[in-house]
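For reference, the structures are reproduced in the following blocks.
One chain, chain A, links the two complexes that follow: it is found with chain B in the first and with chain C in the second.
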Partner chain A sequence: MAIENLIWGYIYPNEAEIQWSILIVLYPYITGLVAGAFIASSLYHVFGKQEIKPVARFALLTALAFLLVATMPLLTHLGHPERGIEIMFTPHLTSAMSGFGYIYSFYLIIVLLEIWLSFREDIVKNALKFKGWKKLMYSSLALFSYDISEKSLHDDEKFARKLAIIGIPSAAFLHGYVGFIFGGIKANPWWSTPLMPIIFLMSAIVSGIALLILLYLTASWLRKKAINYKTLFSLAHYLWIFLILDVALEMLEIISMKYESLEEIEIIDRLLSDKIATTFYGVQLTLGIFVPFVLLILVMVMKNREKLKTLMVAVSAILVVIGVFAMRWNVVIGGQEISKSLSGTMTYVPVFFSQEGVLPAMIILILPFIILTVLTFILPPWKDMDAEME
Partner chain B sequence: MELSRREFTKFGCKIIIGAAAGTTLIESIATIDAQEATSSKNYDWTKHYWGYIVDTSKCIGCGRCANACKLENHVPFDEPVYRTWVERYRITNEGREEKVTIDSPNGGIDGFTDDIPADEVKKAFYVPKICNHCENPPCVQVCPVGATYETEDGVVLVDYNYCIGCRYCIQGCPYGARYFNTEKGTADKCTWCYHRITKGLLPACVQACPVGARKFGDLKDPESEINKILDKERINVLKPDLGTKPKVYYVGLDREVR
Partner chain C sequence: MQPHLKRAFIILILVIIGFLFVRSFIVPGSFGQYGWYRGDSVAELRELPVGYAGSASCSDVNCHNSVYTIWVNSSHKTVNCETCHGPSQNHVTDTRTMPTPANDTREFCGMCHFKRTARPADFPQIDPDTHGENLQCTYCHNPHKPWFL
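Entry: the complex of A and B
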């Protein structure tokens, strides 16, 4: 399509090209899933919610699988990926982005330690049980320390809990900070708001819990095991609570923008009514929040009929995961579709085959599921799920 | 080929005369710049603080500035990227409301066409745009590796050997003054022709402007033309509410201009 057809009104001549593509939509989406999954696991690890225990370790593995790919969309997007490491060596501290390397690394260490501590007993048992390369692998994972006495395990648990307590603020920071990357840009009226970090965080938790629900259902189905309804409906309950917080903040943002009606309101109105009308009102709000909100209420009030309720929870979770993706899209792409001249709009047209295209985005999004599958073979988290059923 | 002595002498004379004439021509072109140009080796950046003035009432929208800039700084002509450009504003009546039509086709390089009948246009003017070299530059603030920086003499530059190409600065600039240089894989922007101003020359856009709508000078020099204009005229800057403190000052800036 000719570039003229993608432009409405007047945009600054340099704005014809959208700079941050679908890969940058993935970045907050993936880190959000990481933060959300971690926070879901800490419902058990920190807050001692026993009903979450069956999926707590699984949630940690999920967080790790997504965390391992979180840097990929960013690096793929850079004009000079080989210089990316400079962000660690010579961070320019006034930039919100400069903290990324450190926050990411710190969080990775926390997640790894947390996983190690909660799987240590299994690792040691496997190291003692297996022979050959498997023995070597598990012994290395155990760091050649095989003490699984009751006292030692108790110490592990205590330490894991302390770690998870640090983990919550760091998960919140990891993702809140991603929100600030956008929220701190005064040049862009669609991004610039102090609410952005907290909106990002709430949608992160929502997407993380929904993802965990979907993965739990898929794992149970693949392993032909019965679903622990107590766990499932408890997750659904938390999903519902965080959905309310999420939508309240998102609405607050839009309502105050409309109410204050600053000079940018005309272009924001155009963005909402034209550029991202479908993805915002349709996908993000209606399908992503309103429908699951109603479905989850029904799940909570309905008695028995577990199969139907499970289906409703599953549908809600799928909608939420899609809705949060739409939310990231509406922020990242939407913000770039309005001109900073406040007088025009442009259109992002995704390409399939290119360094910043849909294909690499799809690969990056599929990768964590493969990593997670591998992880569950090395560190099976199923024991907790099955134990609760007996 | 065999040359007689006579032919050899004739040939030799031609070469000498030709070479001398050629040198004179090159020299005479060079003196246009060389009269003012000094070596940038002696340049002391602590002694200057540069500023820029745009008088919108003078601009005729010829686009020579934007063209000169692309030539001088090797900005690709076939990509929609500009270090400077000219915007046209036309205000017409639409019922009881005023309608503002803004355009800048190819940055104004090829001039403008009359697609609205002249008698319908109530008010029209051109506004040249360029990097504001802000005193408080958001692009410098957001660069995660410090690849974009302010020089001592108040110019915002990009270190092309250091920029990682994340494009956060392009997002951070409220004026659309930055672009992505696909060849270098880095961000790029106006330098106020730093290679020229450190030799005592004017930026290419200022030199190319036939009507003096663009002025460049030293804010540290009380006698400079731009200081005299700043003292005399009513001045505005673009998007002053963002607190960026631009050093491109506008004379006759209309409220429609952002």
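Entry: the complex of A and C
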């Protein structure tokens, strides 16, 4: 399409091409799933919610699988992945982005330690049980220390809880910080709000819990095991609560923008009524929040009928995951579709085959599921799920 | 502290030391000397051979003075000789070395003159699909004095 048709009104010359593509949409999306999955697991690890226990370790593995690909959208977008480490060698502290490498690494260490401690008993048992390369693998994972006495495991648990207490703020920090990268851009009225980190965080928790529900259902279905309804509905309950917080904050932002009606309101109105109308009102708010909200209320008030309720939770979770993706899209792409002149708009046209295309985005989004599958072969978290059922 | 935790922390400390060690020889010594870049690069760039001689060096009476006089009063006067004719320092020091032939493709002229939304409306622009029947621009236009057809 000719570029003239993608532009309305007056824009600055360097705005005609939208630089932050679908890959940059994936970046906060994947980071959000990480933070959400971790916080879901800490419902058990820190707050001691026993009903979450069957999926707590699985949630940690999910967080790790997504965390390992969290930097990939950025590295693919920028090219030259071998230079990525330079952000840590010489961080330029006037840029918000310079902290990402450190925050990411710190969080990675926390997640790794957390997983290691919660799986250590299994690792040691496997190391003693297996022969050959498997023994070597599990022994190295156990760091050749095989103490799994009652006291040792108890100490581990105490330490893991302390770690998770550090972990929650750092998960919140990791994702809130991604929100800050957008929220701190003063030139862009659609992004620049101090609410942005907390909005990102809430939608991250929402998407993380929804993803965990979907993965739990898929895993149960693939393993042909019965679903623990108590866990499922409890997750659904948390999803509902965080959904309310999420929508309240998102609406608060829009409503205060509308009420204040600053100079940028005209272009924001145009953005919402024209450029991202479908993805904002249609996908993000209606499909992503309103429909799951109603479905989840029904799930909570309905008695029995477990099959139907499970289906409703599954549909809600799918819609939430899509809705949060739409939210990231509306922020990242929407913010670039309005000109900084405040009197023109651009249009983003995704391409399929290119470095910035939909294809690499799909590959990056599929990758964590493959990593998760591999992880569950090395460290099977199923024992918790099955134990509760008996 | 339990032995396995001790080992885990030793590994963590080793990773951090490893990071600092790698950093110490990957980040150049002169980094940050003047700003957020390698200070030595300033001296290195200064030592690079000069490629461009500047438009004024073409104006010598014994050289290209006539075409220079036409160009210097034309609307192309902001486009330097070497923009189209290429770097000419070698040619200026030794006239037997010829510079690369001037780039006179449509695409090259189009870098400034193909229609773009972002260009000022009164800047001369053409639609390459409808203008000039795919002939070279210089077939009709004189690049040294554009409106001198």
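We take it that the second predicted complex is superposed on the first by the 386 of 390 C-alpha atoms of A that agree within 3 Å, B and C clash if a C-alpha of one lies under 4 Å from a C-alpha of the other, contacts with A are read in each partner's own complex, and residues count from 1 in each chain.
The definition used in the following text is that a contact is a pair of C-beta atoms (placed from the backbone, for glycine too) under 8 Å apart; a residue touches a chain by one contact, two chains touch by 3 or more.
Only a predicted model underlies this, so the values are computations on that prediction, with no experimental measurement involved.
J.: On the A-aligned overlay, A:Leu113 touches which partner chain: chain B = first, chain C = second, or both, or neither?
T.: In the superposition, A:Leu113 contacts chain C only.
J.: For A:Asn188, decide between first (touching chain B), second (touching chain C), both and neither.
T.: Once the two structures are laid over each other on A, A:Asn188 reaches chain B alone.
J.: Taking the superposition as given, does A:Ser145 touch the first partner, chain B, the second, chain C, both, or neither?
T.: second
J.: With both complexes superposed on chain A, which partner does A:His92 reach: first (chain B), second (chain C), both or neither?
T.: both
J.: Tell me the contact category for A:Ala16 with respect to chain B and chain C: first, second, both or neither.
T.: Both partners.
J.: Between chain B and chain C, whom does A:Asp155 touch in the aligned arrangement: first, second, both, or neither?
T.: It touches chain C, and chain B stays clear.
J.: Between chain B and chain C, which makes contact with more of the residues in chain A?
T.: Counted on chain A, the partner with more touching residues turns out to be B.
J.: Looking at A:Phe352 after the superposition, I want to know if it touches chain B, chain C, both of them or none. Which is it: first, second, both, neither?
T.: neither
J.: Using the superposition on A, tell me which residues of chain A are in contact with chain B and, in the other complex, with chain C.
T.: Residues 3, 11-14, 16, 90, 92 of chain A touch both chain B and chain C.
J.: Given the complex with chain A, which residues does chain C contribute to the contact?
T.: Checking each residue of chain C against chain A gives 2-5, 7-8, 11-12, 19, 23, 26-27, 31-32, 36, 116-119.
J.: Looking at the complex, which residues from chain A come into contact with chain B?
T.: Those residues of chain A that touch chain B are 3, 9-17, 19-20, 74, 77-81, 83-84, 86-87, 90-92, 94-98, 100, 181, 184-188, 336, 339-344.
J.: Mind listing the chain A positions that touch chain C in their complex?
T.: Touching chain C: residues 3-4, 7, 11-14, 16, 88-90, 92, 109, 113, 116, 120, 142-145, 147, 152, 155-156, 159 of chain A.
J.: Spell out the residues on chain B that touch chain A in their complex, using ranges where they run on.
T.: Residues 80-82, 85, 87, 100-104, 106-107, 129, 138, 140-146, 162-168, 170-180, 184-187, 242-243, 258.
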